[in-house]
Each structure stands twice: as C-alpha cells, then as structure tokens.
Amino acid sequence: MPCDPLHSFSYRINIPQPGAFRHPARRKSAGGGESSSGPRPARHLHTFPGVIGLALIAILSDFGQTEYVGILRGVIQRLAPGTTVTDLYNEVRPQSIREGAWVLYTAYRYFPEDTIFLCVVDPGVGSDRQALAIRTRRYFFVGPDNGLLFPAVTEDGLKEAVQLPIPPDAAPTFHARDVFAPAAARLAAGTPMNELGPSAEIKARLRFHKKGREGEIVRVDRFGNIITNLPHIGKDSYHVIVEGYRRTLPFVRTYAEAPRGRLFVTEGSAGTLEISLRNRSAWSVMDVPLGSKITIE
Amino acid sequence: MPCDPLHSFSYRINIPQPGAFRHPARRKSAGGGESSSGPRPARHLHTFPGVIGLALIAILSDFGQTEYVGILRGVIQRLAPGTTVTDLYNEVRPQSIREGAWVLYTAYRYFPEDTIFLCVVDPGVGSDRQALAIRTRRYFFVGPDNGLLFPAVTEDGLKEAVQLPIPPDAAPTFHARDVFAPAAARLAAGTPMNELGPSAEIKARLRFHKKGREGEIVRVDRFGNIITNLPHIGKDSYHVIVEGYRRTLPFVRTYAEAPRGRLFVTEGSAGTLEISLRNRSAWSVMDVPLGSKITIE
Amino acid sequence: MPCDPLHSFSYRINIPQPGAFRHPARRKSAGGGESSSGPRPARHLHTFPGVIGLALIAILSDFGQTEYVGILRGVIQRLAPGTTVTDLYNEVRPQSIREGAWVLYTAYRYFPEDTIFLCVVDPGVGSDRQALAIRTRRYFFVGPDNGLLFPAVTEDGLKEAVQLPIPPDAAPTFHARDVFAPAAARLAAGTPMNELGPSAEIKARLRFHKKGREGEIVRVDRFGNIITNLPHIGKDSYHVIVEGYRRTLPFVRTYAEAPRGRLFVTEGSAGTLEISLRNRSAWSVMDVPLGSKITIE
C-alpha cells in the first residue's frame, strides 16, 4: 500500500527550528552570512504558498489603534492564511518618518531572521514616491521610499530592492492596504522578490546625524524621555550641549537610582543616552525640537 | 508495515490555500456562491475541533485597550486552541453602535472567507436584546441584535441566524466573555450553527440614511475627518449642505495636494467622501453631530 | 518501502484538543489536579522545541502601546517560532504593581491550561529584586518578585519557582526583553523549569486587604468605575464607608437599569462590587485614593 504524505491535500509541517526558516529568495544569494548547510525547509513555502505559521510579518505604522491596522491584518490573512502577524509599533507620531525610522532601526534586530517588516509612515502616499520591497542580509522590509526603511536596511546589508507597482484602482490615501500589505503577504506566501516588481534603487537616504560626540535627538518617547543616538562612554556625568542649553548632568544606571527633581542622563534600552526626569517628563522642562543636534561628552 | 497517519494522535495539517477553508456549516447551503468542487478540508475541523490556525476570529468592540479584549482572547484559546485571533478595531466610541456598524461594514470585505467577526458594542447588555450568531454568504458574525451587524450581514447576504442562549451564570455586564466569545470559538472549532442555538430573526435593522445625494455623517475619525456614506462622483468641487452649513469645497485626491487652512473634500479609503482639513481636525471647525443628514452634490 | 514520519525534517502535528497540551514540566508533578491518563502530546514539545502554535504566551505590562511590547513579541518568535502570543493587558498604570496584580488575578483563569503569563510591571528593574519563573497547578508565570504575580500564583497553587539569572549584558532598564521574554519563550519551547534557574522562594507577598466586609479599592478603570475586592451579597442597597464618605447607594444589575446622575453599586465582571455613575466617571465625584480601605455592607 503506498504511503503518500501529500494524499488528500494534507501536508507535513516542518519544524520551525530557530533560524531554520528560509525564504526562497535566499536561494539566489551567494552566501551573505547565511549558513549553506542543513535542511532548507522553506522550499516548501515556495511550492505550497501559505503554509501555516512559518512566516512572520511585523507591522510598524503611524495608524494608532485604528481599524486601518485591522484591515491590513485581514488583507494578509486573505493572501497568506495562517501567517503570524504581530504589531511592532503603531504609535509613531503621525507622519514622523524620522521617529519611525529610529524605532525600526533599534527594534528590527530582535526579530527572527526572515521576518517581513511592513512599515507605513507615508505622508507622500499618492504622490510619485516609490513603493519598495527590500531584501537585506537577514530580513525583508516593505514600505515607502521616504527614508523610513533606510537606517535598518543599511545596517543589516541591502541585498535586493524592487519597486512595487501601484494598481490603477489602489486608494490614493491607503497604499498600506492596496500595495504594501499585499506585497508583504506575497512574500510571506513564498513569492520570489522578482515577481513583486522590477529592480529598484533606494532614493531617500535618511541618516541620523552623528559626528564624534555630536548626535541628534531622535525621539521623545511618551514618558517625555529625550532620546539621542549617542552611546554611553562610561562616564559618571556628562556635559550636554543642545540649542540654548549647556549643562552637566549626572549619569545613573537605573531609574530607581535617579535623583528627584533633577535632570539626569541614562542609557536607554537601545543602548544610547537619554535625558530623563524621575516621575516627570524631561521634555516639559527642556523644550528642544525633535531632530536637534546635541553634544553629550 | 501499516502506515497510519493518525498514529499516536498526530494529524496531518491541510494546506490553507486561499479560499480553501470551509466551515462545515457551508455543507448545508445549496450553493449560494461557493464553489462546489475541489477539496473541502474543513470537514477535518468538524471531526477534529481546534485544528491549528485554520480559523480566523476578528474582534470589533468599544473596549479600547483594556483587559476585556485580553480575556476574550483567553476564552477563545481555551475553547479553540490555536485559532488565529486578530483585532479589527477596539476603539469604537463607547456604546456607538452606529460607528461600530460603519467600521464593520467597510472593513469586513478585506478579510478571508469564513472569518468569524466577534463584535461587541452592546449598551443593552443584560437586557432582553437577542444574542446572535449569523452565517452570511461568505462570513460569520457573532454579536448583539442591536443593528451593529446588520449593514455588513445584509450586504454579504444573510444565510442563517441563530439565537445564543444566555447561561444563567453569565455576568450581566460581560456577555462578550460569557456568551459571544464562546460562540465564536465554537464556530472556529467547527461546531455547526444549529448546535449554537435555535433559529432566529434579526430584529434591529440599522440602515445608514441614503437618498440620492443625501446621506449621513457616519463617523468622525480620530483625526477629525468627517466621514459620510456618499460616494465620489468625479467632481472637482462639491456643494456641501449639512445643519446650518452650506458651502462649496474643493475636491482633492490626496492629502499632499490639499490646500492649507481650508476645508476640502476627499475620497476616503472606504470609497466615500470625507470633509477634511490639512494637519487639523475638520470637526473642530465644522461642529455637526454624528448621524446628521448631509447633502454633497 | 519504509514510511518515516520524520523524513526530511518534517513533523506531524498533534491535535491541540482543549486541555490536551501539557508542558514537560508537568511530568515532574505527582498529580496535583492534572489527569494522568490519555495522550500527552507535549512530550514532542520537549523533543522538538518550537512546534507551531501549541504554546500560548499572554503579556501583561505597563508598557502601553509602545514598541517595547513589539520587541517582546520579536524576542519570543525568535526563540520559540510559531508560539501564539497574545496581549492580556498593557495599560496598567505605569509602575502600579497593585493594579497589575489585580488584573492578572481576575483574568488568568479564563486562559487555557499551561498558558505562560509574561508579566512586567517592574519599578525595581535593575535593583536586586528577584526575577522569577513560576509553575502553578495549571499555569506558568514569569515576572519580577514584587507582588505582581503573587495573588494569582497563590490562588492557583504554587508548585515550583525558580530564580532567573540576569545576564551581565542585560539592559538594566529592560529586563522584559533580556530576561523575562527569553524565559517565557524557553518555557514555550519546552525547556524544563530547572534549566531556567535555581529553585527560589517568592519574597514579595502582596495581598489585597479583606476582613469581613472591609476590603480595598483595587482599581479605578478607564471609565472611572471604582472597583473593590468585595463580593456582592445579594442586597438591593449597600452602605458604603470609605475615607470621608458614608453613603447608602442602590444596587443595580446592569448599566441599562442605572439611575441618572446618581452613584450606584453594581457587580463587575470579576464578580466584585464597583461604584459607578451612568455615563460619567464615579471617581470624578468620589475622589478616593487607589488602595483605600472600603466597607460595603
């Protein structure tokens, strides 16, 4: 009696060992950091699109807790049933490409290889900015070509970028639903990059300012912490120069050790310096614009 | 040597090809738009409740980001382990059946067939309003009989409605947990509709006002956009008549093209006209009640 | 021809029947409420970590809708691919251990057995408070030893607690990412408790005050309802004594029956008494501190 594992359209699932998942697009790359030995179960993804739960899509947007994110989830499940969809962050300040780029840059590395980041902070939606799908050394990124993806893509190592076509019936205010989510879902279902669109150059090259100990204020978080892109260099106190301010602030390791009623410097979870105030918003007493140059030395 | 695919209680998973999932309830229906050929793997759902990840439940509620939604997720995972549970939208204005109905009506179509919509905007919880589970041509809807489900159900095509019994120990303020989530989970696990309760008539028949070019304000979103149920008819400018207002406003295709400091009309992602103000809330300068009749021609 | 179910690294998935999932740690326990007969498919979890979707992690935190929760989800998917991760509640008032403990205590019971609760309300992060993983009769809890887990753990029945080591490179402000999420993920992937750390004693023993009909205000929810830990005892009206207030308030069963403009008492979804005001915040007119002792008789 024959033993046919594909009998009656059923299918044996591969064990998703950490790092074992490989998108078919990987097969094109000549090395690039991936191990070349061992099982490559992702070929099944290519053959049988939509296999349950092997692909992971993480959403970053400025949509807040709206139904717009819910609709993206619906679109993805329709095109790639069973894909795990997770929210990275949807509370980017509306249209703040810079904040979105910083959060993506500091967070992407904690996700498993081959995660597909669906990123939408897109003030130019409906204009002629490109829509992109990008493969890097270890990940995929889908979103507008406005700088949002650039710091993460550059750090991880660009391998391939394609321009997503805009269907004629796409809503001019909602490419997230009609362009980006479908592209992310197709990647999740195993579609090769080159079937998503023609090869493209990334145009918008957002870089965070950094020159020695001069960096920038990349973000103010919801607690009012003023976050920079400057790393801790082991000092007990720092000279801080930004806009009209010029101060010496103590460095403390944890909030529990922080002085009361006085600004201090600490190392945030992204490994960079932050200016904080215990139980209050530092930004409410040190009113500097997002994006300002700042020196901490 | 026998090859028993069900040996040791393991199970071969079906490939969830787009559209391949079919709830057992479909077997009752005589056609109704479903293809009748091809594999019908959902029979396994019936035989083995709770098969991983084949069913999708989408939640719409006015619970906000509370633990009430978290508890619904727990209840579902307890009764139908592995079901994919996704948030459609939980920020409906508290008790606004009308807003909930509009969001559901405009969003349900983006979800895969057989999605189970668990919908709770329920000011009458604990009263004698019916609790319903509904099967339409392509979807399932579970929620109170107060109009919330009606526009979506009517558009997709009602096939079958049953009345969910209220267990004597159900919390009178939380039928979401004790009545609706269990019903949605049982559908996800393959329970046939007629085991959920006796056949029922839908009583609350909410309809959005529309008579020629007179419609209604169906929603004000969190950005202050005033959303109507009137479609775009290709004009460059529109006469808007609502409450005391009577104005001519330009139509713009994308926010990027919008004038500064002046109200304009655009086509929202649901395909209907919205009144907007660039970088500000249109509602803050055009203070009309939700539900008002409005003419845009 | 041999029929090898593990050929080519594929794997047959077990049917996750309700209650069928068993973490390997259960094998140590001598009874304790678990049924000892029937299939125990979780042994596969032990052998093949990361099998899709069998384990469930529920997150409770005071992170709000930040990327911090998104990063936890990424860490979990990296270490235990395919794990179902769900939000229980992330809007605990910042650093309010007491509110977090109450929500966890009232909500955990609605989740399936073997759910892993990843709980982070952690004002002492970076100090010398212990980091714990706990197995109870039916669940797992991971979080700081500051009282947050204690009421739920005590009620369900403590079986085993281990102290999680803090890696030298853990961010002192983000143990959630570097200590707790990895531990929860390892449990999800089938790692036995005793491989997570040495056996530990729980130190912080938070208890909600309750002595006859004197209890405490355990929470004020986002609607301004004042929630106590006192059960309903069937009365039509209650004498309420708290701080300077001493009143008799009517009991109503549902919000729909509530009087307008007058405080009333109702039974909340957790089965305890709440003081409410229809369509308004009761807390805005009865300004009592969270944690106050209150008598309702």
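Order of writing sets the chain letters: A, B and C. Residues in each chain are counted from 1.
Convention: a residue touches a chain if its C-beta (ideal position, glycine included) is under 8 Å from a C-beta of that chain, and two chains touch if they have at least 3 such contacts.
What you are looking at is a predicted structure, and each value in this text was computed from that prediction instead of being measured.
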Once you draw an edge for every pair of touching chains, what topology comes out, line, ring, star, complete or other? complete
Quick one: compare the interface residues of chain B with those of chain C and tell me same or different, with half as the dividing line. different
Using mean CA coordinates as chain centres, what's the gap between chain B and chain C in Å? 29
Find every residue in chain B that makes contact with two or more other chains and list them. 3, 5, 12-13, 52-53, 64-65
Chain B partner contacts - residues on chain C that touch it in the complex: 2-3, 5, 12-18, 21, 39, 41, 52-54, 56, 58, 60, 64-65, 84, 86-91, 103, 107, 110-112, 115, 221-223, 253-257, 266-269, 271
Residues of chain C touching chain A in the complex: 1, 3, 5, 8-13, 48-53, 64-71, 73-75, 77-79, 81-82, 85, 94, 123-127, 171-174, 177
